[in-house]
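Input: one structure, supplied below.
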Amino acid sequence: MLRIGALVVGLLAASLVAPVSSSAADISLGASVQLTGPLANTGRYYRDAYGFAVDRINEKGGVKVGNEQRKLALKIYDNQSDVSLSVRQYTQLVTQDKVNFLLGPFASNFALVDSAVPEKYKIPMVQGGGASDQIFSRNFRYIFGTLAPASDYFESTVEMMTKLHPEPKNVALLYADDAFDVSVAEGTRPLLKKAGMTLALDERYSTNATDFNSLLSRIRSANIDAVLVAGHETEILNFIRQAKSLSVSPKIYSFTVGVPSADFRQALGADADYAFGMTAWLPSASLKDKWFGDAEQFAKEYKTKYGYEPDYHAASAVADVEAFAQAIEDAGTVDPQKVRDALAKLHFDSLYGTIAFAANGQIHLPQTVIQIQGGQVVPVYGKDGFIQQPKYPMPPWNARGTSGRG
Amino acid sequence: MKRLLPILATTVAVVILAAIPWFGSDVLVQFGINTLLLAVLAQGWNIIGGYCGYPSFGNSTFYGLGGYGVGIAMAQWHLPFAIGMCLGAALAVIFAFLLGLPVLRLKGHYFAIATLALAFAMSAIVSNVGIAGQNIGLVLPPLNNDLLFYELSLGLLVVTTLAVFQLTRTRFGFGLIAIRENEEAAAVMGVNTTLYKILAFALSGLFTALAGGIHAYWITFLDPESAFDIGLNVKMMIMAVFGGPGSVLGPVFGAFVLSTVSELLASEVTTVASLFFGVVIVAAVVLMPRGLADLSRRFRAEGWRYLANNIRTYRL
Amino acid sequence: MRVGQADEASEPSCRSNEVTAVTLVAQVLLNGVLLGGLYAIMALGLALVWGVLNIVNLAHGAFIMLGGYLAWYLYSYLSIDPFLGLPITAGVMFALGYGVQRGLLNFIVRAPMFNTLLITFGLDVVITYLAQLLFSADFRTINPSYAGNDIMFGPLIVPQVRLLAFAAAIVLTVGMWLFLLKSRLGRAIRATAQNLVAARLYGVEPRHLYATTFGIGIGLAGTAGALYGAVSQINPYIGAALTAKCFAISIIGGLDNPLGVIVGGIVLGVVESFALLYIGATFGDVASFCVLVAVLIVRPSGLLGRTA
């Protein structure tokens, strides 16, 4: 038994003297991201986009600090989709790896817990993976977020619905029971009321639910025109597949996540058609960027490099790295306090949009309504009204072609 | 002298552990808090699983109740941490008495699955309870004092281990072992098996709940998924079984060794860490199914053949 | 009665109206029963392995996931229909299960009970993460052209794929029951559940018998995975939740009799569907685990199990 004790002590000692990995000249950024575990599917956007942005900034000469050009270095850990491991890894990044600044994890509950680390060590974190209002309501000074607030997600969609013919009247609002989706639902209810629509079904469902047959049967029997779903990709996949198998086709349905992601469209094939969604980011050439040219070019290069299309998660992650690069140049130093102040005052155009943080640390971006048409994501409605014609109302399932569409 | 040596060694080990925050890094302290709490869970499981022979798969229920005691007290009622701990402990003990009675009538796998089902049910129920923040969770006021959390966790582990040590010397403890070996015989010998089992379940739950309370305050965020983490049941059980169930220090060593392996893997080979951890578990079960305690006893005599002997003994 | 064909583009869309409260209940009941069939086939292998070998296979859900991927690859790359491909999926998974029992689980058959739980947990971790490395974390669905077709019974809708899955579940379960009851090997397996020595009287080598039983269990898991992929979605992490569900079904139905698993599955499917309808969409799991705990306490050997 004592011998084993010695072994444990030895292992602990080994972990004490683990080598510091970043060289002194580089400005190092650290992140703990979901590379394995249930959230790995979205976590990879952050790993790839962080890496891509750091590489590109270095190719363009790095970041100008005072009179010298310095390169960025990136250290990423895999938190295995485990919240408490991610807190430890952020602490490790700060205290052992001595990174200069922190980039965020994916998902609101991770960002919420991890934001305690930057606050404790007074090192700013810019995170592009958590949109829940809870993260920014704790008066923390060192957390910044590049996802638009959850409560605004359906704003543009509801606005568009009032301009459709025939206008949808009976609305069902379904939302998962987690922090993010409850925020979405709370933001959406007053919008529907203002638009004069009837909230015929307002239902919270369990996160990771796989069976939507009962809800769909209720939607069927209540003559719902529009279904708004705030949830997660796996739930929405099941929802659409079961809607098809029960022939439930409202005039319009819209989902908070999934629709912009290539993986989602691939999994559903032609059944993804007509689904509405929203994104705060589209790979448009009008979004100019200092390092990538513009968003369209970025999307093309990203796809070539990683083999899948970027969505707003990836763009948001790139914006996190760029925000640091810009703030460091503005501050002219890597002093965490000064960079934090520069971040708070930041105002610049990026491939993600204009980066400027509100007093609570969160960004504000309008959501563009998108729809899948023939297997492609088409922007439908933005802040200036209709962009392209939405396909509305959605045809019943048996009136659709089964294959070859797209 | 021979009986004093282990006590002396353990005391020295505790003193060294208590001193770690003064010379270790922040990461080591955080790792320490996590490991010490896991060791408490393994030790708590040891009471019901190791000594009493009832393989609970639902101790995460107690852990979650402990966490929610602290969470509700601090985030909803703005009461001090200590009251939260008491509330959590009370919830856990009440739960153990109410559900222990029917569930502890079941044996073996059935007991394991019933407790697992309770853990699932509690998680699902709490995500519908308003005062517990439903599935959104509770945000606790942050306290940046890892030293305090570390020493609290260590203190809890010491208390838990002393309690288990006491078990091995009392009539109550012998009663539990008798139940494990042969429940009918124990009853014939005059052991009040129902009472003993429920007391063991409650004691196990009490320590587990206290660990959950410390963890909740330390992490400052609580939601049903992390509070009633089903994976935790498997973790505590593996640590106890790996170390040697039914021994005083085995579960503690099991927790230390496995946490260290898992943490080193997570920081060295990040993306395949879980995979390696799975392989380690499979290999450990095949090569040393009676845990570290048995290994340390018999390895001296048998050497490396010990591993092969195990396979020979337990295979079909 | 009318069969909905996907290419009947001219069919008007009036059928989704005027569903009364009564038909809503009937529809939800129907959904629950069909879901229950799928549940039953998922749990059948777990119950068999548990009942006969006394191994609680925590990796059962992971094997279901592997079966789903296998069917997905067969469908996507070789265009083999998921239902017609069931024998292939079942065969490959049987071989895998046979190998796992013979080459790994066999080493600890006589070890204390905790160990089988632990080793299958380790196996679950290994399979899950290997799956992520091999198949990526992308979501997959098996989506044959008829996946959205349905059959109308008056106002009730019966999704064709679910009906097929339900039929497959019934056929397999009854087949399993007959196999255990009538065949020589089946009787040897049942004898093993009582007593290993008795099994030897049938002249079957115990190691082969164990591996065959485990193989059948995993083959059934693979079949369930293929059906699951056709109605839901597959990713490397679906296993754990499925394992939990399978436990509930096995316990509710009982381990002695494959027909009990069908009852368990349908009870659970119906209870969940109605809980979602009447109590609220966050109460599905609460209801099912409460039923499970209640059954455990009142009838530990399951609804159709022999009373101890």
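We call the chains A, B and C, going by the order they appear; numbering starts again at 1 in every chain.
One rule holds in what follows: a residue touches a chain if its C-beta (ideal position, glycine included) is under 8 Å from a C-beta of that chain, and two chains touch if they have at least 3 such contacts.
All of these numbers come straight from a predicted model, not from anything done at the bench.
Novice: Any chains in contact with both subunit A and subunit C?
Specialist: The common neighbours are B.
Novice: Does A-B or B-C have the larger number of C-beta pairs in contact?
Specialist: Contact tally favours B-C.
Novice: Between subunit A and subunit B, what distance separates the C-alpha centroids? Give it in angstrom.
Specialist: Whole-Å distance between the two chain centres: 36.
Novice: Just the number, please: Cα centre separation of subunit B and subunit C in whole Å.
Specialist: A distance of 32 Å separates the two centres.
Novice: If a residue has to touch 2 or more other chains to count, which residues of subunit C qualify?
Specialist: Those would be 129, 280, 282, 285.
Novice: What are the residues of subunit A that contact at least two other chains?
Specialist: Within subunit A, residues 36-37, 177, 206 contact more than one other chain.
Novice: Touching two or more other chains, which residues of subunit B qualify?
Specialist: Expected reply: 124, 127, 135, 274.
Novice: In the complex formed with subunit B, which residues of subunit A make contact?
Specialist: Subunit A reaches subunit B through residues 1-5, 7-8, 11-12, 14-16, 18, 35-37, 76-78, 80, 83-85, 87-89, 91-92, 94-96, 109, 112-113, 116, 119-120, 134, 138, 177-179, 182, 206-207.
Novice: Tell me, which parts of subunit B touch subunit A in their complex?
Specialist: My answer: residues 9, 13, 24-28, 30-31, 34, 124, 127, 134-137, 139, 142, 144, 215, 219-221, 223, 225-226, 249, 253, 256-257, 260-261, 263-264, 266-267, 270-271, 273-274, 292-293, 296.
Novice: Which residues of subunit C touch subunit A in the complex?
Specialist: 4-11, 13, 15-17, 19-21, 23-24, 27-28, 31-32, 35, 129, 132, 137-141, 143, 145, 147-148, 150, 157, 159-162, 231-233, 235, 237, 241, 272-274, 276-277, 280-282, 284-285
Novice: Touching subunit C in the complex: which residues of subunit A?
Specialist: 36-38, 40-41, 44, 174, 177, 203-206, 208-211, 213-215, 217-218, 220-221, 223, 233-234, 237-238, 241-242, 244-249, 263-264, 266-269, 271, 395-403
Novice: Report the residues of subunit C in contact with subunit B in the complex, numbered from low to high.
Specialist: Touching subunit B: residues 50, 54, 56, 58, 104, 106-115, 117-119, 121-126, 128-130, 133, 206-207, 210, 240, 244, 247-248, 251, 280, 282-283, 285-286, 289-290, 292-293, 296-297, 300 of subunit C.
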